[in-house]
Each structure stands twice: as structure tokens, then as C-alpha cells.
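Below are two complexes that have chain A in common, paired first with chain B and then with chain C.
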Partner chain A sequence: MSGTPIDRLARATPPSLARRVRGLSDRAIAWLFVGPSIVLLLAVNIFPLIWTINLSFTNFKANRLRDVEYIGLRNYQRILTDSGTWESMQATAHFLFWTIFFQVLIGFALAYLINKKFKGNNLWTTIIVLPMMLSPAVVGNFWTFLYQPQIGLFNYVVEFFSGVDASSFSMIGSTHLAPWAIVIVDTWMWTPFVMLICLAGLRSIPDSIYEAAECDRASKWRQFWTLTVPMVLPFLMLAVLFRGIENFKMFDLVVQLTGGGPGSLTTLTSIDLKREAFEKWRTGYASAYAVILFVTVFGLASIYVKALNKVKER
Partner chain B sequence: MKVSKLLMATALTAVTTAGATTASADELTLCWAAWDPANALVELSKDFESQSGIKMNFEFVPWPNFADRMLNELNSGGKLCDLLIGDSQWIGGAAENGNYVKLNDFFAQEGISMDDFIPATVTGYAEWPKGTPNYWALPAYADVVGWTYRKDWFERPELQTEFKEKYGYDLGIPSSLEHLKDIAEFFQGREIDGNTVYGAAIYTERGSEGITMGVTNALYNYGFEYQNPNKPYDLEGYVNSPGAVAGLEFYKELYDVGAPPGSSNWYMSEDIDAYKSGQVALQMNFAFIWPGVNADPNVGGDHTGYFANPPGPAGQFAQLGGQGISVVANTDNMEGALAYIKWFAQGDVQARWTDMGGASAMRSVVEAPGFADAQPFNQAFLDSMAIVKDFWAEPSYASLLLPMQGRVHEYVIAGQGTAQEALDGLVQDWIEVFEDEGLR
Partner chain C sequence: MSNFINGLLRFRRGAWEMVASLLIALGVVMLMQPFWMLAFTYSFIVTLIGTVMFIIVSHFPE
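Right after this comes the complex of A and B.
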């Protein structure tokens, strides 16, 4: 056998198939290749989306398939005027803002340190990224033990540093502390992810730029603010986008930790939506809820991506 | 040629897959929660297998996921289960949605009488609509919320003296909920044998049904009613009556003065762990855990006593637990499933069921001479089963449960608002659900 792989493929094509394919235009062949992907995309993404929008205007309940009526915008109206929904939105906003804030701050700082050449650099990198390799359900479960007032390590660490009695406060039972309890665990788990992205950004900056800055007698502080930060910024923004989208749909970790409590203080929108859809079985209502969340995330993400592109073009 | 081979392979795969997911006529799959009684049922069912030649498969789901998993299975028309031991509150939905087979004709044909079972379990596990002779299940596992206490601690003379001085009456099984709160408060933060112990492990769980299953034991006894007894779905003044408000306030006080720190999201397993590890003097839990407590090397035997939920100002009631066994309407082996029910309803099988770690609801078993004294917890079980009340069993049960979880947790654990506001809010939530259902 000889020739290029294309020649060999051509020879291997059965004559009957070759006769049929011969004469197809480039556009037709392109459609043949792209077609299956488009069909798949329509079937698993677009159709469910359209169907969900359709259901959002009905009183459909998936566990009771009768008496389905179109009720116009009533589901949307009920969701947007329900104080519980706004409380969930508020809890989600708190969770999103603070997790991203801490993860970016600590993640960037860790990346900056790890980027320096020192002994055991690789070992530390491996140790730092360990939490993000764990299952969120497992993390949630063992942090419930860490947060236990009687036996929890976290409370003892707080007692050690602050002198506050370990059994005098409950991270997941207190209304003041529970929203922070979930922020701490998510930050512990996902800061390494932000660190890795920042590290990639830091390592993409050529040494020659710093050498040129040194020649111009720029101080380390000035190099940091005028070279490092602007060049890592697109990476940081990408990390914020990823973490923002991920945390908007955060479910397992929080359910395992607090079950949405105390009261509804840590009931994020994803938990609220799941209860509407698969516990109360208010499918139409939950569809409207999902559409509202989709529009919110899509809108915010679009604005953010535009800003990201502008930063990259600078 | 190649295409035909491909088609044949596809067809074979389809047939194999279908075979793997559909029970054959000589097999049955029984679905239940993953807990000790389920293991006992596996052993018990070997007798059925040998008698009938039908192979039994079991699908046990851990409690926290049990409702989600099984209700999804029923609602999606799945064929996983031929028989389902489902929670008492599901019966309305499962009956109205055609998920369970109505068993009246079968019971009549086989001579199975509901009079042979504890009346509360028939109402709770088998009937829909409630109070009517329409049966969708056979009472399978009788259960109720009750209390365990550290008898060995209660009997210590120094503690008895101190308690009497402080509260003016003897330390013992509480004669009222108020006394129970006193006892919990008395033990809270106390040093016993060098360890700090706490008052009472109570249900506070937020995610599924925990706090509702706990708080109802206080609400019922202070005067809470689900609805106007003379006018169905009339809630105002019953759900949020002054008595109900007092009951909710009581539960919050019990949590504040007597529950271990950090017990803000506890249900069955957390309560068991706290009790068995010697952290608490009192434990609220379903009676199914009592055999395990009794056998525990640290707290079992003479260390522990059992009692029914104490009375409050409006009477003495306890939250019903337990389940009935139903035939899933989608089964491909209806004959086999009904044969299992017939076998399970026999008196001698029910007696063995209790002996092996189950909890029969059959009167011939629980009213048999010697039953009350056969185990140290049996009398408390009988006392508790005589005072049961259950949560809504409406088709919209989950929609009624979720707001109650939220409202009660918000007040009791998060300490937000007042008991009156929590129950007023609950009335509005429930009215909305019933209006959605077209019942109001």
C-alpha cells in the first residue's frame, strides 16, 4: 500500500458509495459533516429550551398530566412578586459576589507566589489544587463535621486564634454565619481553579518585558501594576466568568451543608428551582423560573463577554 | 450484508437492554428505603421465594433521597418497582395519579380484612380518601415518633435531688411537654462522667421533612389542626390558632434551651448519633430505631428507657411514621405482586416480621399476650400508636410540606419573625396550594 492517507481512504471507499458521493458540491459535503452535530444540538439544547418556554405559560404539572391550561404570564407575575424568590436571588447574589471576590483575591495571590521559583514549588501546587479534585457532595458532607461546635476542627481553630468558645457558635445554624459558611467552603474548594488560570496568565508574560522594565528602572510595584495586572486581567476575567456561571447554578455543596437553611437564608435559586420543579412538581411555574434565570445569566454573561473582549483588544 | 448485520446487532442490543430493565414474570422488585428493617425484609422474603418460586429483587434508596427517587419513578411511569413500600403521605397522589393499584377487590377475594390491622395504620397507610374504605396499600411497617431517655442518668441520686430542688417535682418520664422541656434544660451543658452533655436531640432538618416531623409533635398537643373538621380546606383559625402558636413557640424554646449546639439541621441519623455517642439525655426519633438503641453496647439495655410523646394542653398526640406496601400499577408481574401481598398479610408472616426487626401493624401480633413486655420499648410503641396523627396525604402533599419546612425552620432555627407570623404565612401558602388544586 502506498500514497497519502487520503489516497488510501479513497481506495478503501466502496465503489457504490463513491458513485453516490461523487458529484456532491463542497457545500453539500460540508452540510453532511455538520448536519449530525446540528441535529444533536437542536434535539438536546434548542428543542428543550423552546419547550421550556412553552411550558412556562401553562399550569402544567409533570406528575398530573391532565387539566393543562395556558395561563399567559401568570407564572412570571407570581415569581417576580414572590418575596421568597427575591430572598433566593439575594442569597445567590451574596454567595456569588463574595465567593468570586475571595477566590480572585486569594487565587491571584497564590498564583503570584507559586510563579516564583522556589524549592518544592510543584509539591505545593499539587497540594493547593487537591480540594478542587474532590466531589462537592463529599466536601459538603465533611465540612458539616468541620463546622460541628462540639467536635469540629473549624470551631477549634477559631477558638485558638480568637479565644471565642468553640461550642458557643454554630456556623451552619446561625443566621449571621450560615451565608458565610457556604462562602468559606466554596472558596476553599475553588480558589485553586482561579489560581491555575492566573498562573497560566502569569507564565504567559515573557521575561523580556520585565527585563525591559528593569532597564527603564521601573520599581517592582510599578511593574506589578503596569505590566503584571493588565496582562493577567483577561485571564482573571475569564476565571470570574467561569466561577460566576458555576456558582450561579451551585446546588450540591450547599444542599449537603445547610439544606438551604437556617430558614431560607442559604436557599440559592438553584435549590429553590429544584424544589419547585421536582418536589412540588409545579412544572409550568418552574419553567418560568428557569427562563427568568436563563435570561438573567445569559444577559449578564453577554455584557461580561463584551467587556472581556474589549480588555483583550487593548 | 454489513448493514443487515448491523441491524441485527442493534436489535439484539435493544432486546438485551429491554430484558435488563424489565422484570420477567418470575421476578419481582420491591422498592423501599435503605434501613435496617429493609434488611430484615430481605431475609423474611426468602420464605416467599421458596414458596412461590418468584425471585425477589430489592431496590433500597437512602432516606434523604428516598422520596425524590421513588416519586420520580412513579411520576415518570417507570417500571423499576413492582411493589413499593412508600411513605404514608404519598398515598393521595399515588392513588389519584393511578400509580398504585386499588386493592379492595383483591382484599375481598383473598379474605384480607383491614379490621385485622391497627386502625390508625389503616387510615394512615392504606386509605385514600382518608376515612373511606378505599385501600391502596397493606399496612407494612408501623412507626411513630417517640422518645428515648438516659434512664441511667435519670436514676442518679445527685441529679434527682438537684432536679427536684430546681423544678419541684421528681426527675422521671415527663408527664407533659413542659416537663420534657425542663428536663432538656436541666441536662443542657451539664458535666456527666467528665463529658459535657446536652438536653434533647430533636428534629430540625431543613431539606426534606425533618423539622415538620418534629414540630408537629408539639403543635398537635397544643391545639393545632390541619383544617376545620366540619369544613375541609378551611385553614384560618386552625393552622394558626392560639394553641398552634403556643405549640410552635414551645418547640422553639425546646430548641433554644435544650438542643445541642450545632443541631440546626438534624434528622433521624444525627439524632441517633448524638444519643448513641452519649451527648444527649433525650432523643426524639421514630420508633424504628428503638431495637438498635436497645442493642447498643454503650446506651442500650438498662441505660435507656422509652416513652410516648408527652401530652400538652390540648391533648396527647404523636406524629405517625411508617408505610404501607402497594402494588405499582405499571408492574409487568401483577399476579406475582399480588401473591406477595397475600403472603405478607398472613398472621404468622407478620409475627415473624416483627421478630426479625420489622414492625407489624397487625393486631394479632401487637395485641398478643406478652407482646407489651417482650421488649423494653414495646409498651411505649403501643402507647404511641394509640395517639398518632399524620401530615396531609393530599396529592399536593409535597407542595404543602415545603412551605411548612421553610416557615417553621425560619422561626425555630433562624429565629426570624414570630410564631404567629410563621403560621399566618403558612396558612397563606397552603391556601395558595389548595386554590391551585381547585379545592378552594
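Right after this comes the complex of A and C.
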């Protein structure tokens, strides 16, 4: 037997089957190719989603498979009247708002500086991007050491610049500082990501536009606000979308850093959800919690994508 | 304003998407605000109505 594998496969195909395949329309062949992907998508994304919605109306516990009952909207009612969940939402809102604010501000500033041609800017780009390449578990661990009041470098840097005694405060242990401790670490880790996206936006602006503005005697300040910012805005909005969705489900970094403490001050919704699902084993309750978070993120992402498209059309 | 009301009456996408977006934004603010527990309790239903409405009205004519 000789020939290519396709020839061998054609020879091995029974004549009846070969006749049937030869008779397929283009549309049928297209479905034959797309089918496996659709089946995979249904199995991995859609089915779990529908199953989660179904579980959210039950008192199902994954460690006790008997006595499952449909309890209607009781899980939703419990979650939405629970002060602990409310506090988690507030902690998440604080974390989301400030991380995105600082990442956009610092990321854009860094991209603007890196975009200027200077000696060694490739080296600086590599150095700035390094935190993003580290594992969140590693980052969480070493920032825990940096935040140690006795030996941590962070407290000594604060002491050097502000004069406040290094051992007089604990970033992770203090109720006032812990929410900011996680904001600082996430900003340190993910600002390079925003910077890279902004840099792509800045590099996509043709020099000819600035040259035309120079001919019109537009000041640097005016060029920045009427050329640079509007042209980078779609990229910036995309970065905010990615970081927003990512930070809404932030888990690993915060668990490594504070474990949700002190008390439940840095217990973000994803940490709360994991505890309900895999520590208290209230699977039905956790499913309802997940559905609430899903609808929130989906709704926000929908209006955000609409806004993004509008900005791109301008 | 009259354009917006006309759009609502003639089931145009732009106006209805605006209403849905406002509902979603209101729901998210209600969910995450630290002042009023009752607003938190009703936040999900507001967000859900907004999201479902957004999916439906995005199929309306322009």
C-alpha cells in the first residue's frame, strides 16, 4: 500500500460511506467542521451555566447528595439580605475602583514616557513588564514579607519618605491599611499590562498627524488632549474592560496576601463565594451567589462594549 | 429629549439601549453602595431586568 495518508484513508473508507460523504452539501460539510467546537462550547460553557442556574434554586450541598429540594428564590433572598455579602461587595467595589484608577493613571503615564525615543527604552520596557510575568502566588508571598512591620522593606521606605516609624504600622494587620495593601500590590503587578496596551495605542498614531498639528501651531498640551487622548481612548477602554473583569474575580493574590482579613475587611466576593461553596459546602447558595456575580459582570460588560464601539466609531 | 421619547415609542434601539444601560448601571451602584441595605437587596433584580432588556432591545431596528 502506498500514497499519502489521505489516499490510504480514502481507500479504507467503505464504498457506501464514501458515497454518503460525497453527497454532502457545502452547508453540511461546514456543520461537520464547526460541530465539534459547538459541542465543546456547549459542554464546557453553556451546560455548566444552565446547571448552576438550576442549582441556585435548590438547597443542594455537594458533600451531601441526598435530600435535594427546590426552594425557589430563597437562596437569592438570603444572599441579598446578608450583611456579610454586602460588605464583600463593598470591599470588591473599593478594590475595583482604586486598582483601575491607579493602573490607568500610572500605566498611561509610563506608556507615554516609554513612547518617547530615548536610550535603553527597550530595557526599561522589559524591566517594567517583569511583575506581570510573575505568578500571583509568588507575588502574594513576597509582598507579605515586604509588608512585615519588623523586617519588611515597604515600611522602611515609608519611614524614609514620611518619617513615620516603620514598626508603628502594619499594612496587612491594620483595618485602615489592609484594603490599600491589596490595591498597591495589584497595581504594582498589573500596571505593566495597561502600559503595554496604551503603548500599542500610542504607537498606532501616525507621526504625520502631529506634524500637521505642529504646522497649525498647536501647543504640546493641545496636541495631547485633542490628538493623543482621543486616539488612545479605545485602547485604554479595552484595558479597563480586561482589568475590570479580571479584578472582579480576583482571588489568588488577595488570599495569599491577607486571606480576606483582618476580619472580613478584604474578603472579596470571589473569596466569599469560594468559602460558601467549598468550606461551608452550601452549593445551591454559592450557585445563586455566582449567578448574581455573573449577571452583574455580564450587564456591565454589555454596556461597556457598547460604549467602546461608540468611541471606535468616532 | 423629544427624540429620545420618540425612539422609545417607536421601539428604536438607541433609546431603549439607553434605558437598559441606565438600569444596569443603577443596579450595580445599588449592589456596591455602602449606605442603604434596601438598595442592596433590590440591586440584583434591577440589574437582571436591565441585562435582559439590553439583550432584547439590541435586536430592535436602528
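Here is the rule we use: the second predicted complex is superposed on the first by the 294 of 314 C-alpha atoms of A that agree within 3 Å, B and C clash if a C-alpha of one lies under 4 Å from a C-alpha of the other, contacts with A are read in each partner's own complex, and residues count from 1 in each chain.
Keep this in mind: a residue touches a chain if its C-beta (ideal position, glycine included) is under 8 Å from a C-beta of that chain, and two chains touch if they have at least 3 such contacts.
Keep in mind it's a predicted model, so treat the numbers as computed, not measured.
Aligning the two structures on chain A places chain B and chain C side by side, free of any clash. Of the two partner chains, chain C is the only one touched by A:T81; chain B is not. Shared-chain residue A:F47: touches no atom of chain B or chain C.
With both structures placed on the common chain, the touch criterion links A:L265 to chain B but leaves chain C unconnected. Look at A:A62: by the touch rule set out above, it reaches chain B but stays clear of chain C.
Within the superposed three-chain arrangement, the count of touched residues of chain A is higher for B, of the candidates chain B and chain C. Shortest separation of chain B and chain C in the overlay equals 16 Å (C-alpha atoms, whole Å).
Shared contact residues on chain A (touching chain B in one structure, chain C in the other): none found. Across the complex, chain A is touched by residues 17, 20-21, 24-25, 27-28, 31-34, 37, 40-44, 47-48, 50-51, 54-55 of chain C.
Those residues of chain A lying in contact with chain B across their complex are 59, 62-64, 84, 144, 147-150, 152, 167-170, 172-175, 255, 258-265, 267, 275, 278-282. The residues of chain B lying in touch with chain A in their complex are 68, 71-72, 74-75, 93, 96-97, 196, 205-208, 260-265, 279, 395-396, 398-399, 402, 406, 409-411, 413-416, 436. Per the touch definition, chain A reaches chain C in the complex via residues 76, 80-81, 83, 86, 89-90, 92-93, 292, 295-296, 298-300, 302-303, 306.
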